[in-house]
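Each of the two complexes below includes subunit A, the first together with subunit B, the second together with subunit C.
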Partner chain A sequence: MQVFNTFFKVLKKKKTALVIYTVIFLVISFVLASGSETRDQFKESKLKIMVIDEDASAASKALTDLIGKKHTIKEKTSDDDELTEKLYWTTIDYALVIKSGYESNLVSGSTDDLFGEYHVRENYSTAYMTTVLGQYVKTARAYLAAGKPLDEALSATADTLSKDTETIYYEKSDGSSEDYSNEFSTYFQYMPYILLAVLMSVLGAVLTIMNRKDIRFRTDCSCTKPRSATLQIFGAAVVMVLGIWLLYMVAGIFLYGGIYRGIAWLAVLNSLVFTIVAASISLFIAGLGLEENVFTAITIIVSLGMCFLCGIFVPLSVLGEGVKTAGRFLPGYWYVVANDMLKGAEPFDAGKYAGCIGIQLGFAAAFVMLSLVVKKSRKRETTA
Partner chain B sequence: MFLHDLKYELISSLRTKQVIIWLLIYPMILGTLFKVAFSGIYEKENLFSSVPAVVVGCSEGSPLRSVLDGMKNSDKPLLDVKYADREEAEKLLNDGDTEGIIDASGEALTLTVAGEGMNETILKAFCDQYNSNAKVITESASDPAKLGAVTEQLMKDANVVEHKQLVEGNMDFFVEYFYNLVAMIALFGSMIGITAAMDNQANLSALGARKCCSPRPKMLSLLAALTARFILMAVCMVITISYFSFILKIDYGERLGLVYLAGTVGGMLGVSLGFAVGSIGFGNYGIKNSILTAVSLLLCFCSGLMDGNMKIRIQENVPVLNKLNPAAVIADSMHCLNVFNDTKMYTEKLITMLVMTAVLVMFGFIITRRRKYASL
Partner chain C sequence: MADTVVKIENLVKRYKDLIALDHLSLEIKEGEVFGLLGPNGSGKTTTINCLLSLLAFDKGSIEIFGKEMTPTSYDIKREIGIIMQNVAVFEELTVYDNIDYFCGLYITDKAERKKCVEEAIKFVGLEDFTKFYPKKLSGGLLRRLNIACGIAHKPKLIILDEPTVAVDPQSRNKILEGIQELNRNGATVIYTSHYMEEVEQICTRIAIMDKGHKVAEGTKEELKKMIKNTETISVEIAEPSEEITKEISELPHVYKTEYAEDRLTVWCSGGKHNLIRVLGVLQKHDLHIGRVYSELPTLNDVFLEITGKALRDKED
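Take a look at the complex of A and B:
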């Protein structure tokens, strides 16, 4: 068991990365989960609107009050640069100017360009407010045409436009369930990154040290048989990898609010399979015998690269077709496809889920084979 | 003498693998991944396109049908409408192929949605508009003489809003990530800045001890080391910005020369930060490098490298932090070039960077000057 124990002695010296990654991951996960809320009824989007009232009339005040009932009225800015910044960063969604002469033009019926509007990009807020303002003016015109005086027409307009359409919130029957909520699924969504980063920087670093030429030669000439040494390293690596995976599963239980139920177990299985993949990638890269600098760079490139290309950081639905096609050649993609089915982003299909698990295991087997080839060729090089 | 030192400082810096990996390869790979992941999100998520909706219970020739048909002919129709029965409509909503179902089978329109957002809010605004028109017409029906005028006012097009775009630059919010990436590379320049100080201080490195024994003026040696790193950093910044701009096609605007200048001055600021920390008389290279890397990443986090809205949250709560955070100042200088037509804000940011650089270099020189050692 000497090699087995040595593995954990080396691991103890490399634990900093494990602690840092784990703490950051868990803090972010708990913050994300605590910020989520379940929905059962529809709520309209509330815009942040800045109103510049150049008319300062009863009519303009009535409009501002009506807008303020549904949206948040923001303070006026002091100059154009500040306004541009606020619109750019969307701290203001819409800047409305009620032009001078608004009330008299409304009464006289010359309603073209009654308002001004500033924007930096033609977005949904612009389209929405154009519709709302158009409807306000049309309704007020109609009441005026019906013979109501201005104050009554404005009051009737506000009353009519305050009536909301009956809106039903539709619960999608897409396989998502209380057992694996959308909010909790984000924990498993980001898990491949943490597994790759931790296993590559910890397992990879330990294996790199254990594979160092001087240490390997010393072990080879000791009374421990090479086969036994390899098995002990393998056993220690398995214990370590499973330990790290269990740590995240236990943390997940706290986030979940109890023992996993129903479909959530499939997410647990998916994460276990990806842990095997991440361990096999670490094994392969550690076998290359790279310098520490290059090893760190490769760790970052592989973990970040897979997360960006496979829909871990950015949802698959938003990625372009080309990126998704490239992602199919990476195990992370299949993890995300399985997770998307479990959380209900895609319809659940047991056969497809099993396929995703199988492909990930295939990747793991391929990396193990590759690392064996690399190990053999490096052994030949050093003995030659 | 100075040129001789400069030449060898350049050669030795170029042979450091860290420079190539962290100042060139790493940002290029990260930039490529940003580009791959974020390209197209802006158009999909921010720019308006007609909202897909399914209408059920709407017969041919009905008033709703004529309103929707009329809408189709406009330049940018509000809705992209399909007609279907309830079952098919629910299937489309379930599969995410539509944003909502407008049901016209009752007296008033009703809406069914499966989410909350601007798309659903726009659908509701359309239904509110249609229902309020119906209400006004019903109310006016009691006076048939005025019904025609009321209906005319409701149906007449109302171009009530004059739109004005404030700026013409690249409004893709994701370009901010690339400004922050440039800021991160600039601050990573601190890695090479540390060695400029440590390799010249007898109590911090063996090379420094050897240099201190030589008759060469220390100021000359330090200046050469610092200048070499400024040059190296400028080259790294120019290569990286060129890669982003010409290979990844990131739109930095028409004033690319000023972007290069901002990046170069930002790089000098990063090197100076490393030089100042490296000059402090305790801690080995590993500790100082780890602290600076962590500080650089924290500063970049505050300026929005990991979360695009972080800088604006800080701006709203503690604005002075954004003025003092070197990463935010570097990223802001490029942001100003994109958003504002004049260079007033840009110049302000550039001067801030130069002042920070000067202060840090002075700090480094003051700490390292006139050091004498009885023994080491």
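Take a look at the complex of A and C:
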């Protein structure tokens, strides 16, 4: 077990990176968890909307009332400069103009030009309001088309949209989400970065040292079988990788004060699979036998690059299609897709989850195969 | 008669079109310090790599301790210690842990290993540095650590591949003394180098290699007898006349003269009192004589005469 024991002696000298990354990760996770929005806070987080009602009809008032139930209606202003200033300084998030002729156009079905809007930049508020208004108009038109009089149609629309909201709220409060709370999902959201950074800089560094050409030469000259030396290194790497993963799992429990339950175990499994992926990437890069500074640069590029492309630092929902397409060719993307399902960002589908796990394992297998190819070609170079 | 420790017969190793070893045959007896001398690229390291079964060869056979050497000859490998030109140690381990690691590749019993490691530390004189990391060691101490890592398991055959490259003279002498002590303690040593002085100093038998061939083999005395030159006389004088040069050239045993850089060099083959005769001619013509040197042939002269080129590379 000489090689196995020495692996950990070398690891001991490389632990600084592990400690630094882990401490920073845990501190950031704690801060994010403390400041993360819960569903209750989300309810209280209303948009500040100014409604400029140019139609002043029953229909426009009904819409204004409905908006007022969910958001804060701000006093309107007719001065364009003042409006721009309020939007700029976010005194209001969004200004809605209900155009003259709104009611008649709604009844007649000419819904193309019912509203105007003021906003400083494209953001969640504008996207949200566009969706809500579109939904409102579609629903109202459906009731009108069904033959309901205007007042009844508007009332029914308000009821329907309120029920929809309740339904959504109900869906978000099911057992699965309770088991995988917002805190947990935040912790697991950023885990790929820490796993990549730690495993590449620690495991990768130790493997590079253990397989250094001159060290390996001495080992190969000895009466220790090369296969035994390789197996001892592999065994030590497995112990180390599992140890680091367990450390983060236990830290998760301590940080958030509870043991994982139900669907949270699927997040734990997802993280274990990604740990295997990160280890295989480390194995591959360590096998290239790069200089230390090049190795460090690659570690940073791979870990940060994957995190930005795969929706780890920025949610997938706001990433452009091009970025998402590129992300699909990286294992981190599939980790995030699985995690998003678990935290309820999209409906949970067991088959899709299994697919994400399978794809990640496929990436791990591919990197291991690549490592073997690199090892073989380097051996050929050495003996040539 | 001593047993044969290493027997290499008709070894051929090709790298595509390049023949690195061309029907090389060597026989190394127990207790010898066998020198493999040759310039860079002559095939010394390739020979060692083939010997250790780290490199497959195209033709020939290698026997160590009377058994065929193969990549799986672990019983033979147990008895071999290897010390390479590069210091192959872990920067992350202390001096003690480094020696313990490499010794542990041969000896699994902890108590036995501890004893071996301590003896190796004492042998190379690193007792005061056991807890030091390699980065804190000087070049000479690092070389000693490198040697300790290779000999801690008490091998019967020690292979040293240019262990003194880029080592200061003081450390070099210590290393050479250490090798001789290992030999006195019973180890057979194979020593590769392109430093002829080292090989002359410690090797009991020498094979000179060039372009994958063994060009000569024997003791240093035997090798020197193979060449014409027996003495080289150099005298610092102002340029002598053609008449004087001719007179010296015609002295008995003188076979070549040359004047360059204020120095007259006279090559002699055999005979005695060559120096007195040369100086006699110079004094007769009242020439002012500066420093005078009389040198016996070196292995470089042997190499030069056999291959037509100098043994040592310019950068050395």
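The rule is simple: the second predicted complex is superposed on the first by the 242 of 384 C-alpha atoms of A that agree within 3 Å, B and C clash if a C-alpha of one lies under 4 Å from a C-alpha of the other, contacts with A are read in each partner's own complex, and residues count from 1 in each chain.
Here is the rule we use: a contact is a pair of C-beta atoms (placed from the backbone, for glycine too) under 8 Å apart; a residue touches a chain by one contact, two chains touch by 3 or more.
Being a predicted model, the structure only gives us computed values, none of them experimental.
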item	value
Contacts of A:K9 with subunit B and subunit C, given as first, second, both or neither	second
Which superposed partner A:I215 touches (first subunit B, second subunit C, both, neither)	second
Subunit B or subunit C, by number of subunit A residues touched	B
Subunit B versus subunit C as contact partner of A:T131, first or second or both or neither	first
Touching partner for A:C223 - first (subunit B), second (subunit C), both, neither	second
Contacts of A:V318 with subunit B and subunit C, given as first, second, both or neither	first
Touched partner set for A:S78, first subunit B, second subunit C, both or neither	neither
Contact residues common to both interfaces of subunit A (with subunit B and with subunit C)	none
Subunit B residues touching subunit A - in the complex, by the definition given at the top	17-18, 21-22, 25-26, 29-30, 33-34, 36-41, 44-48, 76, 78, 90, 93-94, 101, 108-114, 116-122, 124-129, 131-133, 135-136, 139-140, 143, 146, 149-154, 156, 158-167, 171, 173, 309, 312, 315-316, 339-340, 345
List of subunit A residues in touch with subunit B within their complex	39, 42-45, 80-81, 83-85, 87-89, 91, 111-135, 137-139, 141-147, 160-161, 163-174, 291, 293-294, 297, 300-301, 304-305, 308-309, 313-314, 318-320, 323
In the complex, subunit C residues that touch subunit A	15, 52, 54-56, 72, 74-75, 77-78, 80, 82, 84, 86-93, 97, 101-102, 104-106, 108, 149-150
Interfacial residue positions of subunit A with respect to subunit C in the complex	2-3, 6, 9-10, 12-14, 209, 212, 214-215, 217-225, 383-384
